[in-house]
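Heads up, there are several structures right after this.
After this come two complexes, each holding chain A, first together with chain B and then together with chain C.
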Partner chain A sequence: MNRDKVTVGQFSLLTLLVISGSKFLSLPSKLAETVGHDGWLVLVVAFLWDFVCLAFLAWAIKLNQQHHLPLDKILRTTLSPIVEKAVHVVFFVMFVCRSVVLLNSCYRMFAVTFDVSTNWVMFVLPIVAVAFFAIARGFNSIARMGQLMCAVIVLCIVALLSFTIRQTDFGGIFPIAEAGVSNIIKATFEHSYWFSDYVFVYYIFEHIQVKKRVFTPIFTSFAVGVVLTVAMNVIFVALFGSIAPEIKLAMSKISVFSVAEITNGRWDWLTLSVWIMSVLVKIVIFIYCAYKCGEKLFGLHFSKPNVWMILAIALLLMLPLFVPAENIAQDFMDKLLVPFALVQYLLPISLPLLMTLANKKLNTGVQK
Partner chain B sequence: MLCSAHCFTIFTQRVYLRRQTGKIYCMNNYLNQLQKTYQNDDDFTTRQVDCGMPLTLCFLDSMCSDIKISNYVVEPLTYGEKATDFECIKKRLTTGAIVKEPANFFDVLDVMSNGYTVIMDEQNCIAVDTRTTLARAIIEPPTSMVMRGPREGFIEDAKTNLTLIRKRLKTADLKVTTLNVGKYTNTTVFVCYLSSIAEKKVVDEVVQQVQKINIDGVLDASYLSRYIDKNKTALFRRVGMTEKPDVAVGKMLEGRVALIVDGSPMVLTVPYLYVEDLQSPGDYYEDNTMTSLNRILRFISVLASVLLPSLYVCLKMYNYQIIPLKFLITVLNSTQAIPFSPLAEMILIIVIFDILREANLRMPSAVGISLSLVGAIVLGDAAVKAGLIGAPAVMIGALSGIGLFTMPDNTLILSLLRLVITYIAGVMGILGVILSMMVILFYLCSMQEYHTPFLAPFTPTMDNDKQDAVLNKPLVSWKKRPKSIPNKNTTRRGQ
Partner chain C sequence: MSSLKRIGVILLVAIVLIAMSTSFVSNDILNRAIIIGLGLDLSEDNQLVVTAEVVSPGNGSEQVGTFSKTITVTGQTIAHAIQQISQQMGKEASLGQCALLVLGKSLYTKVDFSQIVDFFIHSYNFKESSAICCAKGEAKELLNYGEAMSQSASLAVIAMLQQQSQSVGLPTNSLLQYARSQKELSCTGFTNYVEFVPSANTDSQNPNKTQGYFAYKKLVVFRKNKFVCTLDEQHLRALSLLTEDVSGEVFIVEVQGEKLTFIVSKKKVDLKIVDQTVQVDVQLKCRLARTDDFGLSGNLTVQTDEDIPQDVLDKLQLDAKKLLQDFVAFQQQNNVDLMGLHERYRQKLGTNNFTSSFAMDQIAFDISVTVKQN
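Right after this comes the complex of A and B.
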């Protein structure tokens, strides 16, 4: 049994989970800081671009059904081993940085909302342990878990938004595009780091199995994720207006509006607890990908999960003990934005072509 | 003791004989070998008979029926016509229904230990079925009582159990493979399946798995279930167990393989899905709406049983803001004088409940009821009145404990899980509960055996199979067999 096998349906639902898993935390306030109440427009533009990339990726997935080639083999065969390693380095840094940022948001979420005050080490280690367990059980277990929990998580988000929407004055989002189109596009590029959540696909590329359709499930899940995220952002800026940049954790404050009276208790926390699973699933996926990056970087393949590799990743996740997590994200954006943008946007678009070339080369090799 | 000594003698004799490689035993050696093998065993009986030619009858007295020996063997041989050769004895002078021809000495030992009477002359040997029937009556199984539906239950006799299945499956498609497991017990195992439905690769895997078993003895089907579970799953049951023939047949009709183990009233079925734990034998004889409601209730109660204690600890220790103010005040008033922390209080209650449950199981039923009452009223009430534990915690603990019994086969493992999750909740708060749930889900999602994912039909999603998962669609709308169970014939009805 292939423990990493994923169906297109499961991949689609995971995409939906990872989209809605992180953009409800600190991103809305960052966007509000940059473009004011037009933050949701940045999301729309970024998602449009993501949609184009995802379409090419879906095409590549369809093309890959014949040979089930992994990304590293495609890059090695068509470009060069150096390019392959460089791509893995960029991805490794990205997965670690994004995990740190997500963990930091989660940490604050638990400390602020759930009153669970603990130190960073004791917070991160159990999550890494869960990720280690997931790696041991194979990506298939993550995909199935996503499939199982997706409906419940989406329902919780919808419940939180639908209760809040009744108390929202949408006048706050007007005039639309006040920040200016160029600023919105510039902000999209500057915050591109927060998008392209589907990048985990590169590390399960050869394991994706297509049964019937490819495009419909992927685009449907993506569309649901986009609608939920944009709706949440619109509600966020409409609710908080000019103080939106100060609200560092969007979801924990939005959910307050779904409670009629505080004396009735914070029942919204229960839905919030379910939703936070999607953030944790996203962290687990990124740690899994970082692990796989490490394997491919050093040309290793472990039949059983390697404890040292996980410990190395866990050590990297301890960086916020020395450098603030915000700085890590900022440094990443400043120094690695261009290489990441290249990998983020150029790789998916060129992947179908690279795959065709790789298939041709491999077929020629076999014939010879 | 006699039985085990007897088995041991057979075993040592077999080992001895196997070491004599290349040595051929002729028939007149069999009697000597048998006498050597059963030396000092009063159960071994021989009798000389003359029916025109001298014959020796050998049997184990405790395993054979005197009447059968007399009617099927001795009477025809002594009162019948004179035999001219051994072929004549085999064809005309034994009236037993089943007559076997052992190929070697090991076969002779096998048939004798199964209650056959061996008839031998100097060169030939046959065995006539004279097994004694020692079985209790077929009654309603105490673990699977139903309001409506068949009340027959399996018993300890494998042959009777096979009859109970065949009575419901009157088709030539029902195939039975007989295997013997256990070095000393030589227990008969019937592997039953419907050849036109069950996938051959699954049947082959099950047979191989049983053949691989190397164990001293199989005393119950549960022994076998641990060997059939290929992944040796630590948590959760991976092999179905039923005491009801109708349930076993229902599962075989979906493509599963049933294993009947001699000496056990439990019949094993594989592959097994987690959703089967939610199903009760009576579900299929009730209205489908009621069945669906019952299953939802079972699901909720199990979920609540596992999570309620941990959520209570979480809310009380970290997130009391979730609780509505008036309710919170009531809870705080009733627990303010408790000397223990919410975590210690809840763990104490769970452990006490588990002790009571365990003691109740071991007690005779009459004492058991008194014990339950003492446990529930005296212990619980006295502890609350003494101010040792709070009433809300007792209520949560009791509710959680009772809820576990809606899934009776998994009570122990669920109880262990709730204890662990409660402890983690006390240490890590809601994050601990979420992470624990994630680990359990990853574990469940990764399980797959005999080409069947454990959490099917929920993940991977199989829409057709959801007709009989938590919600139960009307029987008339079931057209296809479950996809999660590998099968050759997907259509339940029609062409």
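Right after this comes the complex of A and C.
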């Protein structure tokens, strides 16, 4: 039995979860710092790029149903083993960096919103343990979990949005594109690191199974994720205006506007604690992908989870003990932004072509 | 998995769980000083005097029925003062549930308190949706009126400012709105002005006990967190008329020797910018005030069948227009923008020198008021 098997429907729901799983934390304030109240336009432009890439990816998924080729084999056959390794290196660094940044945001959110104080090691280890379990059980376990939780998480995001809307003056987002189109596009590129959340697909590519439709479920989930994320950002900039750059954890601050000041219940805690599950799912997916990257980088395949590999990833996740998590993300953006952007945007667009070439080459090889 | 391995895994999980549980810092509620209101004053030697109203969980030694108590500390900065609260109470000062900031007269009339506002805005825990207000005298004094109100002083103020204000014609600001107003464009904004009004003692068992209520008849205007002026009751009414989500303003009209009271139950405010002229169009729907219809206002209020004569409606219209004209003249005279005109211009023209710094008397106003029966 293939434990990594994922249906298109499950992949679509996971895409929706990962899109809404991180962009409500530190990204809104970073965008507000760069382009003011036009932060939401950066999201729109970035998501347009993502949509194009996702369309090519969906096409590639459809094409791959015949041969179920993994990404590493496609790259090795069509380009070269060096390119394949380089792609894995970029992805590995990206997955580790993003996991660190997400963990750091979650850690702060737990501390400030839920008043849970612990140390970094004890915060990270249980999440790594869940990732270890997911690796042992296969990606299907994550997909099933996402399937179960998606509706509840989306409902909680909608609830958080709808309660905050009453307090928001949407006039604050005008004039639209005040920062200038070129600055918005520049900011989109500079923050591209935060997008293309579907990149985890490369590590389950050969396991995705199409039953009926490919494009409809993927595009629908993506559209829902985009609408929720953009709406949240619009509310954020309209609500906080010029002080938005100073609000480092958007979601935990937006949510306080969903409760009256002296009510007994904390509705925001309920919705937040459900929503944060999507961040945890995203972290688990990224740790899973980092593990798979490691396997492919060293040309290994473990039938059982390799403890040393997981330990190595866990150690990398301890980096914030020595370096601020924000610096890790910044270093990634400074040093690997262009290679990552190449992989992020060129790889999905060229994947259908690479797949066709790989199939031809492999078929020719078999015939000979 | 062999039995030995299973036992090993269970042992490992148990050890990890024990390690985890001991690493979590326990947060016993009795070890926390849950602050629900903070008062800020300035001492004569320019030290910050912070009064915190702290929820009292009421352990065995405390008086039954005690809800809260206040503690006053002095610090060089706000962070220092809050640290002092923790030290003096022997409990961690928790700001997560604080819903009120009271600025004492000694503070807001003397110094620029930007650093204090920034401290709360930058705080992860403090809610930006909290209310902010100015006290007539010392903030410490205001927060100590809990006994006179027979409830927490902070909660009494918050209940009025954030829950009942919309139906009694009282414009209010949250900390977020106030902080934004001090940083954006005209850098002008307001906070509510709260004073304690003593009333006759009706408690025969405690003849010396102070009794009274909080009054909210004025607003205090600030520019860049420095005191500018105080708005009186008339200007407060005008500002209320211009605030669409607030209703309940009262007008008194004399008809054939009889004084009739009318309440605004619905309104529509339209602010348009045409060239250098601001067109203010206020449409009011009024009804005759009755004893039992307090709070019956808002856009979903039902129509009444009482017939208000046209000449009365005309009088109401004149009164309202006069109120608004005076308010605009006051803003031009003091160069304060309480109508959000700089923001309106910014939304139309973008951020530039003009939208950031135009004086109020550079703008012409065209005010029109229509009054209809609800």
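One rule holds in what follows: the second predicted complex is superposed on the first by the 366 of 368 C-alpha atoms of A that agree within 3 Å, B and C clash if a C-alpha of one lies under 4 Å from a C-alpha of the other, contacts with A are read in each partner's own complex, and residues count from 1 in each chain.
Convention: a residue touches a chain if its C-beta (ideal position, glycine included) is under 8 Å from a C-beta of that chain, and two chains touch if they have at least 3 such contacts.
Since the structure is predicted, the reported quantities are computational estimates derived from the model, not experimental observations.
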Partner chain(s) touched by A:273 [first = chain B, second = chain C, both, neither]: first
Touched partner set for A:213, first chain B, second chain C, both or neither: neither
A:118 touches, of chain B and chain C: first, second, both or neither? both
First (chain B), second (chain C), both or neither touched by A:126: both
Which of chain B and chain C A:178 touches, first, second, both or neither: second
Partner chain(s) touched by A:108 [first = chain B, second = chain C, both, neither]: second
Which of chain B and chain C A:7 touches, first, second, both or neither: first
First (chain B), second (chain C), both or neither touched by A:76: neither
Touching partner for A:140 - first (chain B), second (chain C), both, neither: first
Contacts on chain A seen with chain B and repeated with chain C across the two complexes: 115-116, 118, 126
Partner chain B, residues of chain A touching it in the complex: 1, 3, 7, 9-10, 110, 114-116, 118, 123, 126-127, 130, 133-134, 137-138, 140-142, 144-145, 147-149, 263-267, 269-270, 273, 276-277, 280-281, 284
Footprint of chain C on chain A - complex, ascending: 108, 111-112, 115-119, 121-122, 125-126, 129, 167, 171-172, 174-175, 178, 239-243, 246, 248-249, 252-253, 256-257, 259-262
Chain A-facing residues of chain B, complex: 318-319, 321-328, 428-435, 437-439, 441-443, 445-446, 448, 453, 455, 458-461
List of chain C residues in touch with chain A within their complex: 16, 19-20, 23-25, 27, 94, 96, 99, 121-122, 124-125, 127-131, 155, 158-159, 162-163, 176, 179-180, 183-184, 343-344, 346-351
